[in-house]
Structure formats: C-alpha cells, structure tokens
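Structures follow.
Two complexes are shown next, each including chain A; its partner changes from chain B in the first to chain C in the second.
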Partner chain A sequence: MTLLVTIVLFGIYSAALLAIGSVGFSMQFGVTNVLNLAYGSILTSCIFVEYWITGHSSNVWLAMLVGALAGAVISFVIGHLVIGAFLNRGASGFSIAMVTIGIALMIEFTLEAIQGPYINTFSANVSSAITISGVSLGGEQLAAIGIAAAAMVAVHMLLRLTKLGLAMRATADDVALTRSCGISPTRTRAVAWLLSGALCGICGVLLGLDEGTFSSSTGDAIFVTIAAAAVVGGIGKPYGAMIGALLVGLVSEGSAAVISPSYKSIAAWVLLIAVLMVRPQGIFAEYASRRELVA
Partner chain B sequence: MSGTIYYISGLAILFGINLIAVWGLDLQFGMTGINSFAFIVFQSAGAYATALLALKPPSSYGSFETYIGGANLPFPLPLIGGAVAGGLIAVPIGLVAVRRLRGDYEAMALLVVSLIATGLVNAQTNWLNGPSGIALVPQPFGGPTVPPQTYHWIFLGITAVCCVIAWWVMRGIARAPLGRLLRAARDSESAASALGRSPHRLRMTALIVGGALAGLSGGLLVEYVTAWSPASWLYQETFLFFTALVVGGRGNLAGAALGVLIVPIGIAEATRRLPSFGYPGLIDSLDFVAIGALMLAFLWFRPNGLLAERKRIIRPRDGSDPASDPAPLGLAARLGLRRAGSR
Partner chain C sequence: MLGSRRSSRMRAFATAAAGAGILAGYLASSGAASGATPHPLKATRSASRLEVAVFSPFTGPNAIYGYFNYNGCVPAALAVNKAGGVLGHQIYCQIIDNRGEPADAVPAAQNLIANDSNVVGIVDGDSGLLSATVPLFSAAHIPELSLGGDIQFDKNKYPYFWRTTPGDDQAGYALAAYIRFDTPFRKIGAIFGNDQAAQGNVPGLDNGAKNLGLKIVNQQAIALDQTAYQTEVQQLKNAHPQVIVTESDPQTAGVFFANLKQAGALKPIVGTSGTVGTNYDKAAAAALGQSTYEKGFVRVTQYTATSGPAFNAWKQALLASSIKNAAGVETGYGPEVAYDHTIMLALAMVAAKSTNRVVFNPYIARVTQGKTVVHTFAQGVAALKAGKTIDFVGLEGQVTFNKYHNSGGVWSVAQPITNRSLKIVSAKDMAAAEGH
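Right, the complex of A and B next:
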C-alpha cells in the first residue's frame, strides 16, 4: 500500500514538473516545426542564471520569475534570431537539428568552463507538509504541483480563449492557410519561442530547487525525459504533453520504486522508444500528422 | 625532441583510429543519409567487446573490477570481435529507429538510444563494471619490456593496416552498385523503391557496415588507451564525429580525412599539449565550445564542407557532358547531332 501511494504521489509530483517543460517543448515544436535539441541547455542556463541572481534566497516566486524571464530571453535569441536566420537561408531540417546541437554544446560547455566541473547546491530547507499513509510531501513539492496546475490552466486559456492562441493553433496546423488569413506566422513563432522558453525556465528552476544540486549537464537527461513526455502525448500537441507527462511520471517513479532508482530515467526513455516504434504520432493523436514521420 | 616524436606518433595513431570511425559515420550519414545520432554506441560496443575478449577473467586480477567474460584471446581476434560487435549492435538499433522513423523522429530516437545505452551500463555495474569502467586491457605485442616509443611505432603499424582495410571497404562500396543504391536511397527513397530496391534493407546494410567500422575503431582505441568507461562515450562524442564530417565534407573519403585532421585531432587532441590553465578539464570544456562554434560557422558559410561531394554524372558513350546540355539536347548529342557552335 505504502509502495503504491509512494508511486502515485511522487509520480504526480514528477509529472507536474515534467508537464511544464514538455508543454513548452511540444508547443514550440508544433508552431515552429523545429526540433529544438538545445531545450535542455536552455533549461540548464536558466538554473544557472537563477542561482547567480537569487541563489541564496529561498523565495520560490522570485526564483520562478527570474527563471521564466531568463528562459524567454535565451529561447527567443536562440530560436527566433539564430535558428530563424538559418531557416531564412534555406537550411535543411538536418542542418537545423545540427545547429541546435551546436548551440547546446556551446551553452553547456561555456557554463562548465565558467563554473568548473563542480556540483552547485541550493540552500534548500525541507519541510514536511502533508502525510498520506506514511508518505510525506514537502511544502515546496506541493507548491510545485500547484504552480504546474496553474501553468497548465494558463496555457489552456491562452490556446482556447485568446486570438493569439487561435493563431498559434492555426500556425501549427497549416502555415499557408494561416498566412492567407492575414496572420503573420513570424510573429506567432516569436511568441512560441518566448512562451516555450518561459515554461522551460520555470521547469528548470523548480527542478533545480527540488533536486537541491545541479551542474552544467543537468539539462541533458531531463530534456530527454521532457521530450519523452511530449512524444508519448503526441508531439506538437500541448494537451497530449500534459497526459504524456503524467504517464512518464508514473512509469519512472514506478520503476524507481520497483526496480531501482537508477532505472528512473531509463524507464521513461524506453517508454519513448516504445511509443515511437508502435505509434509515432503519439498515443493521443487522433490522426497521423502530415509531417514526414514514417516511411 | 624525442618527446615531440612521441607526441606526433601518438597523434598519428589517434588520427587513424578516428578516421576509421568517421568513415563509418560517412557511410551511414554521408552516403545513406541516416541521422545516426547513436553513432558512439557502435564504437563503444566495439571497445567493450575487444576489451572483454582480450582481458583475462576478473578473478585473475584480484577481482577489483567486475565484468562478464574475459576470454584472453590473442591478437587480432579481439579486434575482429570488436568489429563484429559494432555490426551486430546495429541490428537492434536499426530495427528500433531506422526502419520506420525518418528525419527529426529518427534523430531523436537514436539520441535516446545512445542515452539508454549509457544509462544501462552505468546502472548494471556487474556487466561492464558500471561507471568506473574497464581497465588494464592488454595491448597487442605490448608489455613492460617494450619501450614506449617502440610501442608507438608498433601500434601505428597496426592502426595503419586497419585504416587500409577500412579504406578498401569504403572505396569498394563507393564504387560498387551498392554505393549508387545507398546514395539513391538517400536522395530519393521513393525512386529507390520504384527501382525495386528496398530502402530499409539498404539503410540497414549501411548501418551494419558503418557500425562494424566504428566497432573496429573502438577496439583499436581501447587497446591503445587500455581503459574504457561510460565517460568515454557520452553522447557529445557523436557530435565530434558529425562536426568532422560537416567540416571536411560528407560523401567522400578525403573530406572525412580532412575533417578528422581538423576536428578530433586539431581541436580535441592537440590542445592537450597546451600549457594547462584553470582547473583540470577546462581546456576540454573550451574544446567543445569551439566545436559547437565551428559546426555553426560551417553550416552557415560552407554547409557542404571543405571538400564537397562531387557530382556524379553518367556520361554518354561519346564523352559529351549531359549536365551542360538540357535533357533533349543530351539525347540529340547521343544521336550524333550537334547544336551549331556548341562544340
């Protein structure tokens, strides 16, 4: 019983953190059609910026604000300015993937060069807030779940209730048709990069505060788990990413509890491969995307 | 002076080892167009296989490391085993990623395969000694009696022989009908299928042969450095090879060689000779920053690399160049007609 409660509680908690990141990743991929392999390094740099600016204060709200701003700026520069310039030159899809990897390497190893091969530590204070049949969640963890839920509601309202959200969904579906309706895809894409960066920053800061420690390679492994959640739910579909995050969170916490903690990420990645093999458009997609997906 | 010769012969060995790997990647990515983001796994499979075949069982070293096997085979059997392992591991990887997925999805799936492989080796400490890795791999013809410089010459000879074999394989494939088919599968999968060739089978072939070359390179590397651990094959290393191909030029053997000279040797290895500054490992970090910047610069200014793949033109029997003529005139030329003033 305790085992099951542990899996479910921590699964929901991991899912909450993952959902923030994977909704951002999925939305950006859907709108811009760029596989952003630098997402993990954007996440890492947000943790670093937050640590440098407010590393010793324990105010979660301030940390999130700094992280979100940093993420939005970095993501805009990388995505809209650099990758946008490469796209304007007519770079192929493969070149764009390599560009994002080149950027990822530069960011990750610049951070490593600045910080040294050390592991940085936040001064975290762990408190126990609620206990359900012997398993306790801390106040920060409850706050993180609340923040994630609020972020999901905000994304939902943006996509469904605003003109901007409508434009983003339209751009993701059909760029040519959107343009002929008088909506600028360039502007919509810029907004997508900004938003996805902000979500990435919030996700990174919450993860950094949760783990308590981070290094220049923190984003790598988390990025793949975020991508797993996005792909499981159907990449380019923010709602799928939310459910995907829940599945990935439960599977990884389940395998951590049942097999061994070192299998936590591996289980999520194997789930990603399995979904890609069986149903590459994602579990929850109602129709296969027109993108070049399968031969 | 002798130190310089020792250093340069060492660089020559590493050049040969990296060259074999980059040729393998060129076969998979340059010629066949597979986004082989799990490439380092092939090299690593070869390295581990060679190590396990060359080592004695763990108990004979006092069991300070744990691994499966320890066959203690004589040279060159461990190297052959490494190449076979690199080819064999291409089969499951190909079934996972290369059969159905394309483009971004293929790239992402292979990147994840690479991370899963590292994760598994780290988690299962009893298979390949986990994060600490395998050490004390015996060197062929080596031993305490052989002076280091002499051994460098011996190993350079072994590497050179392996390079010649790899060159022979690559050149054979590039010239054979198989090479044309691989390029056809890269340039237009539907055209290859329309000619009755299975693109799946072609891509799988390229993956296996390229994997075997990578495995051979990994085997040589582990016999040269005598140790191998998950830190030796992080996913970033794959992009070292990709940068070499992007810089040198994909789809031709000389381009790959030029790329290896510039990226893994010029940036990653030669900078170890610099006077050290900062903390240990700072130069390695800066190397990767430089590699990322070089990749971006080449994709911006010279996306085809320094030596671009030459256009392959099938000439008509009379030696005229169909590329300079529009198609109907090419046909006319074949019929013996000449446009006025054209030649």
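Right, the complex of A and C next:
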C-alpha cells in the first residue's frame, strides 16, 4: 500500500515538473512551428541565473519569479531575435532545428566554462509537509505541484478566455488566415517565446531546488522526458502536454516499482511508442500529424 | 573505478562535433604537429619534448576526473624534469578532453593518434571508455596506464594497456569484506547507478556477500538523472537493510540521498571509489547535511599513502608545480595514481634507454619488480645508473602486474571529504570474500 501511494504521489510530483516544461515546449512549437532543441539548455540557464541572482537562495517563490523572468528573456532573445532572423531569411524547419542544437551547445559550453569542474548545490530542502499512508511529501514538492496546477489553469484561461490566447490558437492553426484577420503572427509568436521561456524557467528552478545539485547539463536529461510528454499528448497542444506529463510521470514511477528502476527513463519512450502506434498524432492533437516543419 | 556518468542521447549527439572542435583547439594550442603518425618503431622524437597525454573528461559532467589526472601528471612531470628529465628530454602533460563519453572519446583518441607523435604514454581513468579506446591506443602502440576498473580488462589482452587498480568487481568483494569484518551489519541494501562503471561492482558484492554470509535484502540498478527516487527509496525501506552500499554520479546521489532522508530511511552508507571527489561530497553533503554525511558515510577505495617518502616527494612536487591553488588540490586516489603512472612511464623509458614506445613498453612492468626499492624518479634514475634493477613503490604502494597487466593494490576504508584512511581491508578478509 505504501509503495502504491509512493508511486501515485511522486508520479504526480514528477508529472507536475514535466507538465510545466512540456506545456511551455508544446505551446511554443504550436504557435511558432519551431522545434526548439535548446529548451533543455534554456532550462539549465535559468537554474544558474536563479542561483547567482538570489545568492543560492532556496526560497521557492523567489526562485520561481527569477526563473520565470530569466527564462522569458533568454527564450525571447533566442526565439524571437536569433531564430527569427533565420526564419526571415527563409531557413527551413530542419535547418532551424539544427540552429537550436547549436544554440544549446553554446549555452552549455558557456555555462561549463563559467562553472568549472565543480557542480553547484542548494541547501537541502526535505521538510515534511504532509504524510499520507506513511509517505511524506515535502513542502517544496507540494509547492511544485501547486505551482504546476496553477500554471496549467493560467495557461487554460489564457488560451480560452483572452484575445491573446485566441490569437495564439489561431496562429497555431492557420497563419495566413490569422494574418488576414488583422492579427500579427510576429507579435503572437514573440509572446509565445516569452511564455514558453517563463514556463521553462519555472520548471528549471523547481527542478534545481528539488534536486539540490545541478550542473551545466542538468536540463538535458529532463528535456528528453519533457519532449516525450509533449509528443505523447500531441505536440503543439498544451492540453495534450498536460495529459502527456501525467501519463509519463505515473508510468515512470510505476515502472520503477513493477519492472525495474533501471528502466525508469525508458518507460516514457515505451509509452510514447505505444501511444503513437495507436494515435500517431498524439492523444490530443487532431492536426499535429498534418503539420509540417516550415517557417 | 572512476566514471559513473550522466548522459543523454541528445547530448551525445549534439556534443560530438563540439568535442572534436575542443580537441582540435587543445591540439592547436599545444602545438601538435599535423599529419599521420610514423610507425612507432620508426618514430623519431626530434624535439626534446615528450608528452604524457592526460586522456580524461575536462568538460562535461565528469570534468573533475580530468583535473584529478592532470593534477597528478603535472607534479610528476615537474619531479622528472627537475631530476634531469627522461634521457635528456623534458616531459609535459597534455590535456586531451574526452568528455567522458565514448562518442567524444573515440574521435579524441583518433585525433591524438593521428596528430601527435611526441606522446609517449597515456594516463586515464574512466571505466566506461576503456572498451572503446584501449584497442585504438594499443593498435597505435601507445602505453596506457589506467585506473579504469572495467571488468572486461580483468583478463586484458592488449599489450600496451596497464592497470594499477583492480577491476570494479573486486571493489564489490572489498565492500563485502569491510561490512562483514568491520561492522555489525549483515543486511545490505545495494543501490548502484545503471551505468557500466557502477554496475561493475555488483557481481563482486553478490559473490562476496554470499561467501561471507551477508544478505542483500534489496538491490536496485537506478536510472541516472531522475527528478525523484522515492519509489526506489520506498522499496529499499521496505526491505529493512542495516547498511546501504552505493555508487552513482553526484547528481543522482544528491537526489537519492535527499529522498532517503525525506522518507526517514537513512542508514549508514558505504560508497565505492566511484564516489570519490568534491562533486560527490558536495552533492551528498547538501542532501544529507554535512554532519550526517561525515558521520554516516565511508567509502571503500584503493589505498594511497598519506605519509612516507613517496608521499613527501609527491607533496613537494605538487606544491612546487604550476597547478593553481596546489595546496588545496583535492587528493585521495585520483591525482596520486596519475602521479605514480607518470613516474612509472618516465622510469620505464630510462630503464629501457629509449623513448620509443615499443621498446620501453615492457619496462613498465620491470621497473616495479626489481630488487632496489625506490620511491621517487630521482632515486630510480640513480639506481638504474648504478646498474641496479628497481622496484618503484609510489603512492599506491607495491605494484605487481600479473600476466594481464593488472595490479590489485590495497583496499582502504576512508572518510568522506578528507579521504583520510580509517583502516585497511586486510588481504585475509579480501580472500575470504573471494571464497579462498
């Protein structure tokens, strides 16, 4: 029973972190049609920025604010200014994906050069907030789940209840038609980069605080899982990313108990393949499979 | 031994090209000649510069290992050069960054082989890279002194590969011997990363535990770099171990230990030599708390001297070297081994009266099995000039290569952070663990 509760609680916790990251990743792809493979490096940058600016503070609210701002700025610069310049010159979707790999490498090597050979650490945060059937969940972990839930509600309200959200959904579906309606796709894309970066930053600092230890490659490992969750849900579909994150989180934790902890990281990909065999477009996306990687 | 690694497919793919670029940069900055390497038998080292390649990760998650090796090589080179060099040649330590990934290490090795004929030997130490790179170096007739514990090399057949550390499976026997004979614990929880280096400990631990009547109540190979390990921790807790043995990379250890503490499942922890290093200490201390870590954690690792003539010579060379903040250099089975390896290479060349790699390679064993015990390069050169055969006993203690070019060494139980040796695992206890 304790093990089952652990799987569910920490599956939800993992899902919370993944959801924040994968919704940002998926939303940005949906609106800009750019496969941003530098997402993990942006995430790592945010942990570093938060670590430097706050003087290694582990205050979750301050971290979230700094992380969100850092992520928004870095993402905007990379997406709107750098990648935007390539898009304006007619670069193909594949070329842009390669550019994002280059950007990821530049970020990582820069962080490595600054960091040196030693990793960084936050002070331990293992305060117990609630205990369910003998399994305790820390205050920071509860906060992460709460923040993720709030972020998902905010994204939902943004997409459904605001003009900006409508513009984003419209841009994601049909750029030409959106433009003919008087909506600026450029401005909408800029906002998407900002929002995506903010979510990426929040995910990063929550991850950094929870793991307590980070290096210039911390974002790489979780990015792979974030991408899997986004694709499971249907790439470009924020709601799909939420469901994808939940599934990936629960399946990963469950596989550690039922199969072997060794295969925990592979479980997300087995799930991905299984889902895509049944629904090639992902769980939520109706149009994803028909979209092409073009500017 | 060393080499618990973090990796991802994307990272490996993406960094391959950049790794090659960095290597090219290093080679360019070190003034390495371009063009194919002449056959070693014909190789003429016209320059007075001999290079020892420190083939290690200097960037990436395991960059600390590169600094371990470099910080051992440089003082050794200084000691050699101060004593007149090798047959009139000065030796230098050349950084070759392999990033700790086979995808980066193989092109790095190929570039080294193709572009640098002044290299007389390699010092390295990453278990996970040996199977990819040893065949390359051996085919190029480059002597390689390693502390990589890949168990495939327990019966090594590559003539240019030498190892002064036992295979990772031996570390498992040492863990079992320590727990059985020096602690009251009999129920073990075994948590190892699912990487090749960490998993190398498992067969020895399993067999050792069986031979000594210990019970492994929970054994898990954990995936690296996860956001939480509570499910794994809960399974461990449910098995009620008295002691936890472990090896993983620092970040994985940090998360795992934090989860262990959160779940109220803390027990005394015994690490392997794969847990040596500032990064591991930082991660573990941050997760457990400094005091808990210092009191509740020991590591069973290879012995290195902390006093005596070899230690004094090493310390003197280290402090006189160009290494930044030499007094604060992290020690404890890392720099010490690279120091010994570099001295052994130099002595082998002097004993062979040749810098030709093919000629002096067999002398790597001979300088550790002669009659006159020496602890420094200068002593070794003096003895060789006097026509004696030498037995170099450095920081690692007596080295005795078997027919597979492996030397077992001595196991020690050490404190974290300071790496101070608390006790030696006796040969008798090791033999019992191995079932002899």
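Here is the rule we go by: the second predicted complex is superposed on the first by the 276 of 295 C-alpha atoms of A that agree within 3 Å, B and C clash if a C-alpha of one lies under 4 Å from a C-alpha of the other, contacts with A are read in each partner's own complex, and residues count from 1 in each chain.
The definition used in the following text is that a residue touches a chain if its C-beta (ideal position, glycine included) is under 8 Å from a C-beta of that chain, and two chains touch if they have at least 3 such contacts.
Computed from a predicted structure; not experimentally measured.
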item: Fit or clash between chain C and chain B when superposed on chain A; value: clash
item: Touching partner for A:D210 - first (chain B), second (chain C), both, neither; value: second
item: Partner chain(s) touched by A:Y263 [first = chain B, second = chain C, both, neither]; value: both
item: Touching partner for A:N88 - first (chain B), second (chain C), both, neither; value: neither
item: First (chain B), second (chain C), both or neither touched by A:F109; value: both
item: Chain B versus chain C as contact partner of A:G40, first or second or both or neither; value: second
item: Partner chain(s) touched by A:G138 [first = chain B, second = chain C, both, neither]; value: second
item: Contacts of A:V224 with chain B and chain C, given as first, second, both or neither; value: both
item: Touched partner set for A:S180, first chain B, second chain C, both or neither; value: neither
item: Touched partner set for A:A97, first chain B, second chain C, both or neither; value: first
item: Chain C collision site on chain B, chosen from 74-82, 92-100, 200-208 or 218-226, when both complexes are overlaid on chain A; value: 218-226
item: Overlap of the chain B and chain C footprints on chain A, listed as residue numbers; value: 37, 101, 104-105, 108-109, 112, 116-117, 220-221, 224, 260, 262-263, 265-266
item: Touch list for chain C against partner chain A, complex; value: 6, 8-11, 14-15, 18, 58-61, 63-64, 66-67, 194, 220-232, 234-235, 238, 250-251, 254-255, 258, 261-264, 278-279, 282-283, 285-289
item: In the complex, chain B residues that touch chain A; value: 35, 96-97, 99-105, 107-109, 111-113, 115-116, 119-120, 122-123, 189, 199-200, 235-236, 239, 242-243, 246, 278-279, 281-282, 285-289, 291-293, 295-296, 299-300, 303
item: Touching residues on chain A, where the partner in the complex is chain B; value: 35, 37, 82, 86, 89, 91, 93-95, 97-99, 101-106, 108-110, 112-113, 116-117, 220-221, 224, 227-228, 231, 260, 262-263, 265-266, 269-270, 272-273, 276-277, 280, 291-295
item: Partner chain C, residues of chain A touching it in the complex; value: 2-3, 6-7, 9-10, 13-14, 17, 37, 40, 101, 104-105, 108-109, 112, 116-119, 121-126, 128, 135-136, 138, 207, 210-215, 217-218, 220-224, 252-253, 256-257, 260-266
